[in-house]
Amino acid sequence: MITHQMLSQHPRPFKSLDTLVACVDACLECEQCCVSCADACLGEQQLDMLRRCIRLNLDCADVCATTARMLSRQTEPEWELSRAQLDACRIACQICAEECDGHADHHEHCRTCADCCHRCAEACERLLSSVHEGVA
Amino acid sequence: MITHQMLSQHPRPFKSLDTLVACVDACLECEQCCVSCADACLGEQQLDMLRRCIRLNLDCADVCATTARMLSRQTEPEWELSRAQLDACRIACQICAEECDGHADHHEHCRTCADCCHRCAEACERLLSSVHEGVA
Amino acid sequence: MITHQMLSQHPRPFKSLDTLVACVDACLECEQCCVSCADACLGEQQLDMLRRCIRLNLDCADVCATTARMLSRQTEPEWELSRAQLDACRIACQICAEECDGHADHHEHCRTCADCCHRCAEACERLLSSVHEGVA
Amino acid sequence: MITHQMLSQHPRPFKSLDTLVACVDACLECEQCCVSCADACLGEQQLDMLRRCIRLNLDCADVCATTARMLSRQTEPEWELSRAQLDACRIACQICAEECDGHADHHEHCRTCADCCHRCAEACERLLSSVHEGVA
């Protein structure tokens, strides 16, 4: 991903650029994982016990996509809104990670997706801290 | 919109269905308004003072889209996540409404969009109350 | 929906405005129907035979969302691109309608969604004709 | 990105997996570049001549997002639809690349975005060939 290059070439770049870029990339990766995991679940034989996993994957994918887009915008930022969206993203990733963890022994895609969601939840938390401390 | 018909035909429909449907429809309407207002702003002669309006329109459109999708899902709901996303949506709509209100005297599309955002913020708040009271 | 109001207040509005507005609204309605139908399918007992329906619903929802956004933009339009996206949307709606039709006897949400997809496919076709004839 | 890992862990993986993964990753990268370039343009002093660039960036971002999602799904694929969406994506990337190329001397973000769009157009074309040849 060349997110760092793009965001650093903005006329008014963000101060904690590395934390921001890490979060955008984590959100994009997590969106892809969740779309992919929902679809892999849909192709499994034992579909019945994967309902909740598919549903949460779909939610998490949408939330991550919106968060990545909002964070990619550096013109006239509104941190009250970014914080709220980051918070929703952190929660979506945590809940989805827990659900996927429960299927990790049976489905490798769930294990990979759980790791992805954990990483994204952490990236959101780090950016939230950085924004709260006002170093952003 | 036939959102009410779709959501009522779900095998496990939501209790406060009218409040839910009103919020989904308000989010979809607001997404369209914000995409449209950003683009109308982009076509205006006095583009310079519309930067913040365009940016907030784009954020609001993305947040509304994700909120509408999450709320349209009634299988295995996770209200902690829905509340967080509804909160981000309420904030996005309020901030965008305030910005658009400031341009309403010069641009009719900003006036229409501000009304749209106000309605969506209220619909989110009503659904949040209904969820908090546990009647959902 | 107040799509007509928004699109008519654009500084450079589209000529065949009614056909355009009808298509934007059909796409938004179809996105909601497909997100909702995928989730309703996920809540059904006989989930096994709904795999293809869920998958096509998800594709159709994403394609409709992107088409609605592109068509809502009237600044510097690129009709070669709009035509290609409208064509993808028409195909997505047709394939999804056929699949949902096959489940209409068992699931009312599939019947409603099939009607929605048929309407959207027709709205895309009408706009495509209007664009091809150059009256746009 | 761990797209390759996710897509290879699908219960029914795609034959030309490398070509598919390359295209999904190119679409996600291009979505991020286009969202970011639209926003960087919005922060530039000479905004007036960047209208078309912003508009095409927004279209390209949406088309790439939908294409990445559709291609990430391997359950019950419908290649007629995938081909049409890939074609729209290829066109979106080409038009956006040409526009961004025209601003590359003045704005580094436009140069980076143009490269990104060119790469994505090529990845779409390669996948389209692979699908047409029936090796998929």
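Lettered A, B, C and D in written order, each chain numbered from 1.
Following the convention adopted for this analysis, a contact is a pair of C-beta atoms (placed from the backbone, for glycine too) under 8 Å apart; a residue touches a chain by one contact, two chains touch by 3 or more.
Keep in mind it's a predicted model, so treat the numbers as computed, not measured.
**Student:** Between C-D and B-D, which chain pair is linked by the larger number of C-beta contacts?
**Tutor:** Result of the comparison of C-D and B-D: C-D.
**Student:** State the chain with the largest centre-to-centre distance from subunit A, centres being mean CA positions.
**Tutor:** C
**Student:** From the C-alpha centre of subunit C to that of subunit D, how far is it in Å?
**Tutor:** Here subunit C and subunit D have centroids separated by 21 Å.
**Student:** Cα centroid separation between subunit B and subunit D, in whole Å?
**Tutor:** Measuring from centre to centre gives 27 Å for this pair.
**Student:** Among the residues of subunit C, which ones contact at least 2 other chains?
**Tutor:** Where subunit C meets two or more other chains at a single residue, that happens at 39, 42-43, 51, 55, 58, 65, 69, 73, 75.
**Student:** Where on subunit A is subunit B touching in the complex?
**Tutor:** 51-52, 55-56, 58-59, 62-63, 65-66, 69-70, 73, 75-76, 78, 80-81, 84-85, 87-88, 91-92, 95
**Student:** Could you pull out which subunit A residues touch subunit C in their complex?
**Tutor:** Contacts found on subunit A: 38-39, 42-43, 47-48, 51, 54-55, 58.
**Student:** Please give the residue numbers of subunit D that touch subunit A in the complex, ascending.
**Tutor:** 1-3, 5-7, 9-12, 24, 28-29, 31-33, 35-37, 39-40, 42-45, 61, 65, 68-69, 72-75, 107-109, 112-113, 116
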